[in-house]
Amino acid sequence: MPQTGNILVIGAGIAGMKASLMLAGASNKVYLVEKLPIIGGKVIKNEESFPNLECSTCMVAPIQQDVLQNPNIETLTYSVVEKIEGSAGDFSVVIRKKARYVSLTDCIGCGMCYEPCPVSLKNEWEENLIDRKAIYVPCSGSLPNVPVIDSEHCLKLLGKEECNLCVESCAFEAINLDDSDEVMEIKVGAVILATGSATIDLSTLPNLGYGTLPGVYAPMEFERLFASNGPTLGEIVLRGSEKIPESIAVIHCAGRKEKKYCSAVCCMYSFKFARFLKHKIPSAHVFNIYSDICVPGKSYQSFYKSVDGADTEMLYTSSIEDVKVSENESGLKVAYPDAAGAMEELNVDMVILAAALVPGDDAAPLAEVAGVDLDSRGFIATVLDGSGSMETSRRGVFVAGTAEGPKDIQNSVIQAESAAGQVMGIVTSGVSGS
Amino acid sequence: MKEKAGVEFVPSIVGFLCNWCTYAAADLAGSSKLELPPSFSVIRVMCSSRIDHNLLLSTFFKGADGILVAGCHPGDCHYGEGNYYARRRFALLKKVMDTVNLDPDRLQLSWVSAAEGKRYAEVVGEFTEKIKELGPNPIKNSTRF
Amino acid sequence: MTDTERKGAVLPVAKEPGDTVLDFLRMAMTKEAADAVILPMKVPSGDSYAWILMNDISLLDDAVPIVPTMPVQGAKALRSLTRKGPGNLKVIAVMRPCEIRAAMELSKLGQVHSENLILATYDCPGAVQLQKYVDDPAGGDERFSGMLKKGNPDDSAKSVCHYCENFSIFDSDIHFGYLGLSEKEVLLVPGSGKGTEFLEELGLDLKKDLSSWEKGIEEIRADRVKTRKNSFEETEIQLRDIDGLLSVFANCIGCHNCQSACPICYCRLCYFDSETAEQDPDALITAAEKRGGISLPVDRIMFHTGRMAHMSLSCVSCGQCSDACPVSIPVADVFSYVADQTQNTFEYIAGLNDGDPLPLRQFRKAELPGVHELVKDADAEVPSHE
Amino acid sequence: MKDFEMRESGQDKKLRAKVGVYVCECGPNIAGKVDLDKILADLSELDDYQDVELVVKKYGFLCSGPGKEFLEEEIKSNGFTHLVVGACSPRDHDSTFMSICEKTDLNPYLYRIINIREHCTWVIDDKEKATEKAFSYIRGGIARVLRQSELFEKPLDINPDVLVIGGGISGMEAALSLSGEDRRVFLVEKTDRLGGVSIDLSGLLPGQGEVVKKKMESVTEDKNIRLFLNTRVETVIGFLGNFEIELVSKENAETTEIMAGAIVVATGSELFEPANSDNYSYSESDEVYTSISIEKMFSGEGEAKLRSGMKPSSVALIHCVGREEKNYCSGICCSYMMKLAGFFKNQSPDIQVTEFYRDLCLPQKDDQERYNEAEADGVTFIRIKDISTKGTDVSFEKMNGEKGEQSFDMVVLAPAMEPSADTEELADLLTVPLDESGFFQEVHKMTNPVGTSTDGVFIVGTAHGPKGVSDSMQFARASAGQILTRLIPGEKLIPEVKVTEILEAYCTGCGNCLDVCVYGAIYSDDSRGISVVNEAVCRGCGNCFGSCPSGALRTKHFTNTQLYREVDEALR
């Protein structure tokens, strides 16, 4: 039987990183594959995490550094897994390392190559709120602090122009424009899928006006607005008008009716947004429009109570799915049925939608590659043996974090540690843990 | 020799930064190429609670014009409660110096998290300006300390 | 301090309050409620006193419980007895309130183990300044009995006694009260559960109403508070700026007597005498070049500010530091003023309400907003995190 | 600083130290911003030390492959006693250069990286000032490194066995995940049977009821799990890898001593007593039940009947009982109350079931489906602003202010979950703090929810806080994950190296440091009247150092003697 001590972890968010560190700590060899050029996942996109508004970077940066400096973890960023064959204890995996065009060993992240690049386009990592170059790092403080060249927009790589400006600006000869994808094969004893999730495409909810009305924001867009290393360096200003909003409505459960499940975390981050808004704009009027409050666990309700009344005014609506956002001369009008069903109106400058968590658009292809079933909601299914096992429908393949369904950071970490524990059962004893 | 009156006063300021949050913010300010006063010297410690009265007083009596202690926001401490204790120790020393009129404004405690590179530069910049206004530490120009 | 429904016992009257205390102690020892007592006794040369641990009851005849002066702070005696543990003897120690308060601070600092100690205090009219007493013991005794009658210190007393508010306290185990009472009555007031038990064990009934005595104490305390305010204002003026501090400690010779006399300075080796505090010669020479000169020994002034930071939260302003200073610097007045400031920063009074943990060993999540530069934005009054 | 004989170069002069000073050009980032040659020249002419030889060189970039080899070669050939590297942030490359030192015989703690990039060349545009600053930082670094002393990893033998306190579903799950040939599990249960609360729960997922029974069988059959029923934990001393535990049997007061490397606390929780809330008043004879007693009826005889033996024709299920008083939502009552609604509907299809709730909390995977089914089944859901009951008469106020009164055959209350009675006592025993809600305090809410400030003690199941059965079991597996990956049979544990030590000569045992230490790493040695640091537990934060007026402690690698050198340089 081949060396079963190796483990493949797909996704370098908080769950993937925690599982990798634990397994590497037990002197297993871990291959951590991440599709983005940097590690850290969703957690590092928000400046502070509930419930105690702890600074996410202070919490996660040491974990990122540990992952990057751990000799037992081979971090493969900007890479995707193309094939997983074999069975528990003996998987053979094909990984495609996409061409980065910048050497991970030579580049020291000094950023001299960004400015000369003539190309400018929307930065998806920053929710398109700011532009980036063809050669870029998603945000300042990215780890690894090494840029990647976007081959779909780089003039040279598209063959449009003989542009070499970034190469000339690099004093370390770290940029190599004839770099090409690299495919590698590895043998692993177990696989952990920690690929996270996405938020619902809010433009598919017509009566909330996202996409048509600029004043309507998706949650991650607001997180980046608030972040001090974000597009506006933490200033909360409205798209286009650059005006500081004086009144803001946070609408809960956006997309819950359509998805037929509660995403567990939106209430808490909606209250966090209210605290952020009141802190950055003390004179602002903040409203949370809700039909249900989901604050499970011993420390969530006290945060809700500290926000209720102090930072925001809670407006109950008898049916959240009938909330309509439309434009009026001064900004936005939010119409919602009150407790008795009568339509109420609220005029605000800004609307933030608490969007339902949905499977990432790479979840289905990943399930295909990993040979695992999805549940009715499209998330990766676990074997329902009633004991909370993290094993998927395929022996030896585990799932952890929001790839398995909407949950908060605490439960993502619990699932990562739980999956790592189950993997230790396979890797050491060679047979799948019960 | 003693700083002559005409020369523009360049304050020498010592900054004790906690490794997990404010030192990381200083690194971020560095990688974002923000302007920082050269007179500010960074000294890394593992936690703001590591700073004791003897270290602060000896730095002050050695003639530091300003001393900044900066760590994680209360609640974010990597070791749980370190900054809460640091805050009380700092409050005690400031009150002692205030009572004997040893210019307590030259001592400052700030909370700067790892993501606040820009704010770190502001905190250091503002503190340096405040010390410039205060002028040199009187101890530095007295032969009787 | 005063607890209206508190009750006490009346002791059979003897010549002087001190004799009444001695009678009570003899009774306690004969009833085996206590195995020994700690009391001051005149030294053979007769011009000072020493703390004596007495098991033999006959020694009490020469003991002077209400002693005119304070050569050694009582808490230091209790520390040397119980630092390594409570010992199995049940001992009554009769000391001034500032001595017992210092002992209580030392018990929080693991230096005094008071499980088997009965800490007794008495109304203290003030203590004759040690040097004055040693120079003229008879005059000292006479001055002291005058102070006992008036209930207030005269000019032979230590400066701190003039503004001492805690000359009569309820936080010791038992307290002998007599100031302000017309006839030579001595009241015995239990301050703690242990004290009440001890007195009940001795068969004393605690029914005596204390209101008239308490009223007398309050009157004395009222003008002590005024004197205290004035003294602190004077000290504040003295310390108006850096030259003020310098002038107060100008002729300090760095002997650290104040530190060795202080009951709260419990360190085995003071930081300022340790090797870490010694500075690099080159650094000193460069500093001298920059300033034109530096004063030696190096930490002369820093020592005092350091000691303020180290012990002011537990300072009971007993005045020993001034007594010990060979160049008569008013160390006690400065330290009492600083202690007053630092202790009310943390709403803490050294040696009283015994259960209160030391301020630097606890914290509240949201407190002291003024001490640090505000979080995130300068104008947010309540920091977002707390 | 031990004296140091020059090895091969034949110099008879006794040298205290030979310091290698290597400044990284970092491409344009350092070399382009400062006059590097002036820095090197000034450093070589430093006369701060007579008996120390400085070797000063620069290099392209030291963190590259060739750079590392160059540095390793330089250390070996020069026989440096200390090394100073002027480069970037220690957060990026401290470990890189330490591993280079480990390849030579230079102790990695006699080396220091000086951050002249992020804190100097990248933030000071004026070249002359940047040069001066970089020089000053490096000069301070040399003064500091000469005051540093060698430190060594002290691997610690560990005992891989585990003590699990509490035989409920979480305790059993942890025990089963951990037991193995090379790892015994001691499972201690204070009552006379396994299963805890969950034995009466039929579980939310189909078949979850049987899971509990299956777990009980596997635990009793597992030869690597030693079961102690009717037993409680008397004393616990020690730390991760080395706990000494005394167990006392309740039957015969016999004590057993065991050694374990980790402790998993799975002591469960209790339900809030509805009588403590003034909204619900009922007597023994009223048809008012808590949810757990209904669960017992359904999992016991399979049906829930009134005292009269009749089946109820109308049931009120009241959620959020005690939620205001406890100030937290237990997160699981909505799910199991809807399950009970389904059981009542199966029991008598035309039964009228009404659920009164303040908020519907449906975070679990299939909660919403369960709600949709219940609604389709004809269960009435009423969201209330306020509610109070007298016996089985319920009066409530809806969100629109409408008031209503209704009486039912049976009322079922869903009380909040609260800490079990012996939590406080166990917390003292294990020196683990409690949080504001009275549950055990986890060391970090997000990145380490099962760990506690006493490393090696883990909190799982509802002892950590209100949660459902499958979440409880996941917490149990998570603790197993941490133990399986940290306490590996036959391998040693390497604790933190930069710990604090207490100098016996200076310490008078006042306890300042002992009280402020979050990790309980300091204990009192009463015989000598001093405090002592347990170096296996200390994390090196230095909080204890900050609390000691007499400087009787030494926080290795960050001593005041070392920091004073940096301060002297900064104020030069």
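Lettered A, B, C and D in written order, each chain numbered from 1.
The criterion applied here is as follows: contacts are C-beta pairs under 8 Å (C-beta built on N, C-alpha and C of every residue); 3 or more make two chains touch, one makes a residue touch a chain.
This one's a predicted model, so the numbers in the text were calculated from it and none came from an experiment.
Q: Compute per-chain Cα centres, compare each with the mean of all protein Cα atoms, and return the closest chain.
A: Nearest to the common C-alpha centre lies chain D.
Q: Counting contact pairs per chain pair, which pair wins?
A: Greatest count of contact pairs is found between chains A-D.
Q: State, to the nearest whole Å, the distance from the C-alpha centre of chain A to the C-alpha centre of chain B.
A: Distance between chain centres, rounded to whole Å: 36 Å.
Q: So, what's the distance in Å between the C-alpha centres of chain D and chain B?
A: Distance between chain centres, rounded to whole Å: 31 Å.
Q: In whole angstrom, what separates the CA-based centres of chain C and chain D?
A: The answer is 44 Å.
Q: If you average the CA atoms of chain A and of chain C, how far apart do the two points sit, in angstrom?
A: 62
Q: Which residues does chain C have that touch at least 2 chains other than itself?
A: In chain C, residues 271, 276-277, 279, 283, 287, 309-310, 360, 376, 385 touch at least two other chains, as defined above.
Q: Could you say which residues in chain D touch two or more other chains, in rising order?
A: In chain D, 91, 516, 547, 549, 551, 560, 564, 568, 571 touch at least two other chains.
Q: Where does chain A touch two or more other chains at once, residue-wise?
A: 52-54, 59
Q: Please give the residue numbers of chain C that touch chain B in the complex, ascending.
A: Chain C residues touching chain B: 239-242, 244-246, 250, 271, 276-277, 279, 283, 287, 289-295, 299-302, 305-306, 308-310, 312-313, 334, 337-338, 341-342, 345-346, 359-360, 363, 365-368, 371-373, 375-376, 383, 385-386.
Q: Any idea which chain B residues touch chain A in the complex?
A: By the definition above, chain B touches chain A via 20-21, 24, 28, 31-33, 72-73, 75-76, 78, 113-119.
Q: Which chain B residues qualify as touching chain D in the complex?
A: 12, 14, 19, 23-24, 26-27, 29-31, 33-36, 38, 41-47, 49-55, 58-59, 62-64, 78-82, 85-86, 89, 121
Q: Under the touch definition given earlier, write down the residues of chain B that touch chain C in their complex.
A: 1-3, 53-54, 57-58, 61-63, 73-76, 81, 84-85, 87-103, 108-111, 119, 123, 138-145
Q: Touching chain D in the complex: which residues of chain C?
A: Touch list, chain C to chain D: 83-85, 109-111, 266-271, 274, 276-277, 279-280, 282-283, 286-287, 309-311, 357-358, 360-361.
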